[in-house]
Each structure stands twice: as structure tokens, then as C-alpha cells.
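Per-chain residue numbering starts at 1, and chain names A, B, C and D are given in the order in which the chains are listed.
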């Protein structure tokens, strides 16, 4: 792939990078992908509510936020007719190639961005003119590259001698683990025999490929909303029911949930807020957090303990607490048969220096919902890592991908899709 | 006072009630007061930077907030030429009547509102059409009445046979105890011999007057801003420096500062916030709070303990913390000689049923800065309570004043101003 | 009183000082008092279970502790026949003088000591040979002086022309506020018309007398016993239910119970313990603490909040908690009629320099149970302060009384007893 | 081995079980072992200070405790002349067989017991008359079996055709990880070429053997002693410096030390205490705890965070804190060459059903000090697990060993010692 914006995929990646959008607000992003689908020509495309199970979406923002991002997409020039499919936060798309007899193969890529302010110096996108135009948001985890790889593989499979059905799932809201379940239950995965998911980077350099990532931490995102009663902090300190005290107690005890003998667990109170002003006993406060576990069972251990902490912190300070799950993903494993295929095709790519059979993600991913769905109906799945030199770490202001790795990803996955059908019919 | 908006003072009170503005954003409010000063005719008026010591303002909001409220005042029809005096958050005014030989008497009223959403049913202002038009803000402590009383007394003193100089101080930012110091140091108080301050309500019913309020709690508003370092909560939980954990520790230990044998103390973590999203170890967080004491010394005891808590909570979690004082007021006492005058004139008012020599405020007030300033230069001061039936408590969504108490306040204070000069020359 | 141990009262005070005994273990102390009663000759004496309501005792130690102190009293030479009355921790005595027609007057003195190690240098009792022989325990609050004053007044009243009935209540367990209720309900107070209680020192110097102490803080001593489950901290950190975590949460939130607008409150977690060794998740832990309030209602506010904290701290960590009240006292007020009598007789004592009508105790006292009991049945009560120069503060290792104040106390109280009957018949 | 106390090893095990002694108090235990050494006849025996590096002992109890257990050993009939070697808590012994030319092989067994009260029903030792006679202490981790195995292997090696030097290290204070370092530095390990350590049970049933245990958690036992200042909780709550508040803050934040991406960590506040009585602000308090890590580096991560917590908890409450390390052990790995030997000989034992090459301990052990010492000088080490059916878990009141496993342990280790010299000369 030439380092020039005349290349349509490179142009796509940079355009997406300029327009990072958070979970369920990928209006411009999905519309831009649809534009590419139309350029390539696909047999079927399913948009928005037709692509996923609307009721299984998690972490959907409020209407005001959705409206704001919708308007921003319009202002940025997205096609109004296409955008209509996504109203109310039903973003995402499924593209289908019907290529004759044979099994159904799927590729899942995620498309959302993060609430991180992008670096504005010593940073390639800034210097070459495609820094984020949505201030405070950034493609800091490479989903712009993922979407581009999805489009690239679609195009390449179309041009290959692949026989069967090929579907690309452009999934929203991965960063909030809010979209995987909705896509998994959207119906289009029900006939998929083999599923590939892909992630760039993860501290693997350009030229390195991981055939089967593992070590996904199961995760739940939790929102705890405390409600007490206000009072004047000087005149009637005893008359309030202090939601901030409840939050203080909760934070202390959340992080103190005992470690578990069976493996790694995680907990984080990632965002807090509460109260109105310094002289009012605060009546409302919240903790937005998450728990994880090396297995789904360990995640649930943490989740049950966290609920206990929230409930008793509330009751201790005579507050009410409402708990909701804002996003969730199980753990999952890559299937060895598909891992073998990927390992093999990767070794034959000229730009691939190094192939790892397995590596651990050490984080969470709701691709696991899709992987489990396929595996439960007897299919196979693997999660492929495509190395890319990245100057800053994932989720930091200086993250960037080495664009030469886009072609590597497209080539490896295209070959894997084609070869899988030939080898494991 | 007739219950009709044709009465200019009643109209003023309701107009101010419709346009509640928070600390240092009293653009519409001050402009509206200036309009009244012009109607009445005063000998001098000092606006904005001419009325106070700009550098001694505390709790001034950021420029974006100031700009937003400035624009809102313009939109609401405030006089643009007058508004210019207040640019950058230098609101407030001093009005002066020069009435021949004699001492200088001052009256201080405060004019700001609170970030509280006003009730929209079972609430007089809602039913009679003067509910807050600035959604989320409300005159929930009667400062609309105070400003009106200030104007009313000015008019009445002008029409009286008062001899001397009379000044009314329309002070901004009392709710944040951010304006008292700036007005006290603004120069216009330096020649004041006798100072009156006034507050309506405080659980005293219409017809009751308190000649000398005491029991002011000295107060400091504190802002603690914690800065740590972010990391991915799943992949590198150990790599962050967690500002929310620091806040959790701080909250727990702030409220646990030991009680003091010498009298009442208070502490509140009124507003907290921090972090960005559930899967990032939060790198930034803040606590906006306050400490109080029955005496300035007790307030300082609490303040020193609170600083110790903040510093060690930060260090425990490897964060930095920056502390700033966002507003402050000492304690103060009313002088018996002025109390006697008020008590006496109040007893002679036909609408006053009951006069209390003393009562305790049980809260804080930065009128104390002005009182101390006058007392230090040998003058006298008293803080007068004017009862008013109020359906909801102070600082609640259903607070309202009984408008018949406006005349009582005006009459008592006018007589007190006139009598003081006669009795204590 | 001469500074020589040949004086029986001085000898008594020093003997008691040498044998400090904690709550309900005043075996030697009561036996020694009985010896004095026999020396003086009283009309009736009630010992142990005959002197108080056994079931209303609070803070009674366990049998092993009682047995140990009982044995220690025997070893120190206490009369075995007398000691038998106190078995099981029913210490204390009531002495009665029947002196013809007239009202019944009572005097209450307390007799227990504290778990404090007495200073062994720069300390009069150490230098003059009557330092505590019960290592780790000490008369650090002057109850040795109180018992002596009780005996002294008894003797003096017997020799006076007092007409009526006079009772001295030698009350155990005041330091744990565990004995007042039992004595109040013991029956002997039911016919008392006038009650005096007495305390030495309290920062009042020798020669100063307080006719009516007030400002008693109502108090409850609480014991919270947490029970969880142990597990190996390395192998199964998740399997335990951690009682020490529950205690940590409880401590933090106990001290953070909001201050109350109505007046002073107190809270203390005075003693904690828990766990067995460093590598076992601790299954048992306790907090021994107290709450106080300026009024009984404020004490109850604190008590209810504390219970809520304990319950939720336990439940948060999946522990059980058992709460018990280990001692308790209400607030009370001295009656002005008796205060007037004391003030008057004190002013006529040659060694009294200064008489205060009122002063605040600022602590708690279960004499309030006795005072309330008498007041409820229509009688009068006052709590008298007898100044004494004390080198160290109350409850410190260097506390001591100025023995010249013993006579002052005896004289003032004797005159008050006699005069009361004459003046308020 | 017959199930009869006439068998000397069985009698030994039961005698040791009846006399459990905690760290550095193994007076009776070591003396009893010496008795066996004399029965068997060894070439050299080193006792107490001659067996270990006195200054490297950790977690040594205070003199009063040492004296009490010393006396108890005397009372239980231990040989006074032998006991003298252990005065001051220098327990333990090294036994040496000089058997001609050849390498030096070591076997390390630990000998101390735990502060756990042994079950008195439904428990074999209780029913068969060898329940603990030291109430509150118990061999709840099988060290009675370990000591017996050590003696048994010594006897069997003596009777074998082993050529070389064989040393058995009877190590004190393993439960407090306080003895390993002292024995490792005692000099007798300096010429050891091959080292075996052994543990029974660990959830492996009778008949199962683990050739090389791994997964030792590195550990540090910490003692944090807080010192503040007392004050009367009612009269001067502000005057104290509250050590219990410091402990509360420390507990909450200790357990909340962030998990680490590199592997398992542990933390426990296993024992706490503080304060004197409910109405005194507590001036002294302590936390006895531990941190662990899957690697020594992870242990140190936890240790540094814990120190930070302790220091800031102290400073927050104006207390001093003194930290000391009460016991410590690194992590270690078994060497494959020795693992192979053990695996092989175990497979040839008739009573061994199942041999595992590796298994994880999941706890800590200071045998790692000895293993590292040998490995650093070029030798080899392995830690052997000998299964035993145990009704209750380790460190619980109903733990017991299946005595038939003693012979298995002796046979496997004897063969391993003999074979090692033959195979890896």
C-alpha cells in the first residue's frame, strides 16, 4: 500500500481517524464504511437495526449525546439517507458476499473510538493532517485500522476464488463492551461456520502475527447511582443523607475485594461524580466502574462482591443505590484448527517476520460474545493479532498505527478466509 | 406593599427572582439594580471594579462560564453599556447618598443565587409566573429580597430627614463566601461608622425581627485537585496512579476529623468528580468541600486537618494534590449598641409582632468580613434578621419569601439607619 | 487533716490508692470501706447484691477476670467473710444512718480505678510509698479520694445534729459507666429526697468549689464483635470472610458520623483487636467504643448511626456482628435549690477561696442515673465539684490529688447535708 | 508402619503432635528430636546457635514468651541439658551422617506449630489420645509428620549403602517464615550439593507424590506499630492523635493495593490491636500482616505499596509508625534433574499410586531460602510433596495426617537421596 491518500483504503483509514466517534455514535464512521461497500459492491448490506439486536445494546448514551453526534456526522458531510438507519444509536453494519456453494465465513472488526484527547505534536496524524477533528475523542486503539482491514479483506475476498458466503461485521461500541452482545444476537451470525476477529498492535511490532490470541478477561461495566438527601452543611449537617460518603466508602472497599486463588481479577472505579456545591450535603453521586476475571466465573465473583459493597455503602449512609450493567463480555478461547490455518498462511506472507501461535491479550474484548455464539452452534473461531509499531501505548494520546501493517492484516486474513474453506470444508 | 407588579420594588424582586445568577455572574442582577439606582437618583454609584478589590475576589468561575452568563444577561435585555463594567466577573455595586454633615452609615445586601433547580408546582413563583428562567439556578436563599430591601431602604432614607452619608453595598458571591473580602477591601467601607447587614427568613416567621444575629460559623471553601497517572485497568492495573482512590481515602478521613472540645465544627465534601471512563485507572479527580468552625480558630483547626488528609491521601496513592481556597469568611459578633437601636425601632413597627435581641445563624456569611473591617477601624456593626414565612427551607427547591416581609425589612432598617445617627453620634 | 498516715482517713485514701481495682472488681476497696463503716458504726449497711440491682450492672468482666481480682484482694489481706458478699462481681455498698424524724438525704461516691500504669518517678504516691501495687491499674481520677470523702462525711454527719436519714452510696464501675444504673435501681434510692454527688479536681484548684456541675455528656459504651471465617491468606484469600476488613470499614465510618446541629457529639473507637496471625484471613475482630451527646437525644442519634455503621460494615464483608451496650449514662442537670445551699455553705468554709455556682463537666458520669431517679420521684439533686491541685490531668499517669482538699470536701458536703434538711424541709 | 505407638516413629509423631510449639519456641520438639538422633546414632549433631545464624532469625517472640515455653518444655519432661542449647530461642538442629566419599545431600524438614485451637471431637488425635496439650496451639500443618520423616530418612539412609555425606536440617519457625534465612546462613548448607525439602498433604491424597513443587509465593511478614497520643474522648477529642484511626485507614488501603499485571499478589492484615479502653482516644495500635507475590519482584511491589500505605495512614492521623519485617521468604523453583530422580523413584514405590511431575504450592515457604542458597553455589534442589488424606484443610482445627503416608515419605526420600548420588555424581 502506497503512502499516499490516493489509495482508497489509506484515505479511508485517515478519514476515519479524523472522525473518531464513541460507542453507538459511530454515525459518520458507519456511513463512510457504507460508502466503501457501495464502491466495492456487495451482495447484501444490513445497516443499523437490521444488523444487530437493538435491545441487547449496552452502554447506549442518552438522547442528547446521540443527537449531538448525529448532527456532527451530518455537518461532516455524511449521507443523510444512510444516517437515518442509525438514528437512536443503532450504528454498525454487516456486509455479505454470496460466492456460491460452501461454508459461511465471518470477519468481525470494531469501529468505535475513545474519549481521549489526541496529541497535537510529535505525533504523525497531527503532522500529516489527519488528527482528530472531534476534540477530546481519538482513535487510540486502532479501530480505524480495523474498519479499514474489514473493508480491505472484503474487497480482496471478492476478487479471490473463494467459494461460499463471506460476511464482515462492522461492530460498534467495543470500547464499552456494549456492542458485542447485540451483534452476536443480531441473527447474521447464526449460519457462520468460521469466525475471525482481528486486532492490531497490542505491543506486537509490525511484521509479527499472532494466530490465536487468548487470555481475554471477562468483564462487566457497572454503574452505581447513589441517592440520598441534601441539607445545608453548616446549619443542618445531620439532616442530609450523604451520597458522597457512600461513594467514598464504596471506592475504598471495591479495590479491597479479596484476590482470588483461581486467577487474575480486576476492579476499577473509573469515573466518579457527585454533589452540587461545597456547602450542600451531597444528595447524589455515582461510580462508573468495572470488574474483570480471567474466567467468566472469576468476573462474576468480583461482580457479586462489588454489588455487596455498593449496597452496604449506600445503606451505611442511608442512601438508595441503583446498579446497572453498562457493558459485558465473557472470556473465550481461540480454536486450534483455525489457529493452525492462520499460523500457516501468515508464515507464507513475505512481510511477516515472525508468527506466534498464541499470545495473551490481558484485557477484555466483546468479540468473545461472537466467538462463543459461533462455537456454541458447532463452529470455530479465532482472534488474530496483527503487529504494528505503535509509538504510544494503546489508549494513550500518542497511539498511532504503522500504516504498512494494514496490508499485512488484509493479506493474512484474506488468505486465512480462503484457505479455511479449502482445508476445513 | 401591594401584591401587584405595578409596585416597583415588588416588580424588582420578581424580576430578580426570574433571573437568578451565581457568584460573579450577577450581570443581569447588578444591571437591574443600577436601573433602580437611576430611577431613585443617587449621589454616587460605583460599579464593578470600582466597587470592590478585584484581586480579593474568591471562587471566580472560569472565563467560559462568565462569558455564558454575560451573554445570557444581554439576551435578557440588560443594558449593554452598564454590563461592560462587569466584564470578567466584576459584578456588584455601591450606591451613595450624601445627605450633609454626620456619620457614615452602611447597609450591606447580597445579590447572588444558587445552583438549585426551582420547583415547578405547588410553588408560588411557579404559579404566579416568576419562576427561574435560568434552568438549574434559583434564588433559594432570598437574596432577591435582600437586593430589593437594599433598594427600598436607599429610597426611604433619601426621603427621610437622615443627616450624614449613607451607602448601600450590593455584594456579589455570598453563597460561595467569595465576595465579602473583595467588598471589605474595596475602599468604600473605610469611612463607614455603622454597618448593617440583613438576612430574611432563617426560620423566623413574618413579623419577627432579630436585632443582632450571632453564631456565624467561620468557613473556608477548599478545592483539592488530585493528579495521578492513567493506565489500562485490565492490562496494567499496577501502572496507574489512582486519583479516585485518593479521593475515596480523603472523603472517608475528612468527615472523620475529630470533633473539638471548644465548640461546633463542620466539614463537607460537597462535590466530587474524577476519571474518564470505566476501563482507565483514573488519573484526575477533585473534591470541592468546606470546613467551618464556631470561631475562626476552630475553622482553622478543621482546615489544617483537612489539608493533612488531602496531602496524605494523595501521597498514599502516589498522586499530586493541589489545594486552593475558593472562598472564606471569619466569624463575627454584632455590637450591642447597634443591637439596642434595632431592637428598639423594631418594637415600634406596627407589623412586627416579636423582637428577639439575639439569635444564632448556625451557618456562615461573608458579611463578617465587612463587619470586622468596620469594627477594626472603631465602628459598630450588626446583622439583622427579618422574619419571613418560607414554605421550603433555605437552599431547597421550594424556598420562597413572604413578600409582605419586604416592607417590614425596609421600615426597620430605614428607622435603624436614621435613629443610629441620632442616638450614637 | 494532718499529713500523716496516723489519720485514719488519710490512711484510708492511701491504702485505696495502693489497691486500685477496675469496674466490678472493687473487692479490696469495698471490703476496706466496710472496715471503716464498722469503725464508725452505722445503723445499716447493705453489701453487694443487697446494695444494687444485680441484673442492671453493665460492663461486668468475665469470670476469669473477676476470679483473679477476687484472689488478689484475698492476698492483699481483705476480710474473707466480707469478700463473699461480692462474689461474681457484686461490689459496692450502701451505708445508712437513722437519725430520727426528717427527710432522707443521700451522698453518692464512686470507688473504681482505671487501667493506666501509674508513674513511678516525679510523682508523690511513688515517692511517698503508696504507688499502685496492682501494676497497670491506677486511681487516676480521684475515686480513692471520693470513697474517703464518703466515709468522712458519714462520720461527720453522725457526729452532727442532723435529723433524718442519711445514706452513702459507694458505687462501683463509674469509669465504665456500668454501675450507676444498678445502684439507681437497687431500691435504696427510692426514698431519697435530696441527693449529692461529688467529684474532685476537674481542673479546679484546691480551694475552689462548684456548687452545681452541669454539662454531662450522655454516653453509651458499645462493643461490636465481628465474626467471619478464616482462610489461608496465601492459598485461598477469597475463601475467608474478613472481620478485620469489617473493622477497618467501621472505624473509618464511625468517626465520620455527621456532626449534629443541636450540639456537641462524640465518638471513639477506643479499643480494637482481631485476628490470630499474619497469614490467616482474620475471622474475628472487635471494636470497643463509645458515643456521647450533649443531650440523651444526641447520644441516641450517635448510637443509631453507629449501629448502622457496624451492621453494614459487617454485611459488606460477609461477617456477622453482635452489638452490646457495655455501659450507659444519660445527661442530667443540678437543681437550683440544692445548688444554692451548697454555694452558701461553701462560701462559709475558711479554706474555700472561690465558689462557682455552675461549671461544665464536659464528660460523662453515671451519677446522672441516680440524679434522674431522685428527680423523677420529686426529689432534688446536685453534683458538687471540689477543687484539688492535680499535677497530671485526669486519666494520666501522673494524676494525684492534693490531700488537703479531702477535708474541704468533707466539710462542704457535711454542712450541705445538714443545712439542706433545715432549709428545704 | 504399624498403627501402634510401639513403633518409635509413630510414637515420635504423636508425641510431637501432643506438644505443638510456635516459632522459636520448639524447645520440647527439638529436644525430643535430639533424643531420636541419639537413639539412631549420628556422626555429628549441631544444636541451637551451632545450627543456624542467630542474627538472621526473624519473628523471634519476646523473652517472656520464650521463657514461658521453655518452662513448659521442662515441665513436659524435656532433657534440661539439651534444652540449654536453645535458650533465648535458638531452637532447631542439624544431624550429619558421614558415609565416606561422595557428594553432600541435604534434607530440610520444618518443626514448628500454629496458634490454632485443636478440635476436640470428630478428630482422630482427640479420640486416640494425642490431642494438643498446649491449649490454643496445634500441629495443623503436618510439621509433626515432617520432623518424623526427617528422623525416619536419617535412620534409613544410615542403614542404606549411601556413600557421601547426608545432613538433615530440622528448621524452626517456618510458619512465620522466620527460620529459613537463619538456617540457610548457618554454614551447614555451604557444602550441600543436592537439597530435598518435603511437605505432606497440600490436598494431595495418600498415595500421590509430587516430584517438584513450584508456585511458591514470595512473602514478607510486616509489623506496623503506630504511636499517637491519648486524650479523653469526651473532654478533649481533638487533643489525641488517634492510632486506631490510622489503623482503620491502613486496613482499607492495604487490601486496595492494585493488582499487578505480572501475576498473583496477596495482602493480609492478619492481626490488629490497639487502644486501652472505650473513653480514651487510642494512642497505640498495630497491624501484623503480610504481602506475597508470585515472584520476589511482585512481593516487593506489594511491600513497597504497603509501606507507603502505613506511612501515610500514620501521618494523616499525626501518628508515628515503626515498620519491621517479621519474616520473609523468596520464591524459588525446583531443578528438573532432581525432579526426574524423585519422579522415577516414586513410581517404583508399591504404595504410590500416582506421581505428578509438578504442582503449585500456592502459598509461601522459607525452604526457598535454603533452595536458593544451594542453587546459587551451583547445587540442585527440589521440593517434594507427599500426599496424605487430611480430613480438615491445612491451618484448620480438624487437620490431621494419614499416618500411613509417613512411610511413603520416608521411602521416597530415602531412595531419592541414594539414587541422586548414583545418578548425578
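Here is the rule we use: a contact is a pair of C-beta atoms (placed from the backbone, for glycine too) under 8 Å apart; a residue touches a chain by one contact, two chains touch by 3 or more.
Remember, it's a predicted structure, so these values are computed and weren't measured experimentally.
Colleague: Name the chain whose C-alpha centroid is farthest from the C-alpha centroid of subunit C.
Modeller: Most distant chain from subunit C: A.
Colleague: Compare the contact pairs of B-D with those of each option in A-B, C-D or A-C, and report the one where over half match by residue number.
Modeller: The pair repeating the interface of B-D is A-C.
Colleague: State, to the nearest whole Å, the distance from the C-alpha centre of subunit B to the C-alpha centre of subunit C.
Modeller: Result: the chain centres lie 49 Å from each other.
Colleague: Show the residues in subunit C shared as contacts by 2 or more other chains, in ascending order.
Modeller: 235, 237, 242, 245, 249, 252-253, 255-256, 258-259, 261, 266, 281, 362
Colleague: What residues on subunit B touch subunit D, complex-wise?
Modeller: Going through subunit B, the ones touching subunit D are 235-240, 242, 245, 249, 252-253, 256, 258-262, 281, 301, 308-309, 312-313, 315-316, 318.
Colleague: Which residues, counting only subunit B, touch subunit A once they are in their complex?
Modeller: Checking each residue of subunit B against subunit A gives 114-116, 175-176, 217, 219, 221-222, 230, 232-235, 237, 242, 244-245, 247-252, 255, 266, 268-282, 285, 288-290, 292, 326-327, 361-364, 393-396.
Colleague: Sort out for me which residues of subunit A touch subunit D in the complex.
Modeller: 252-256, 258-259, 261, 264-267, 362
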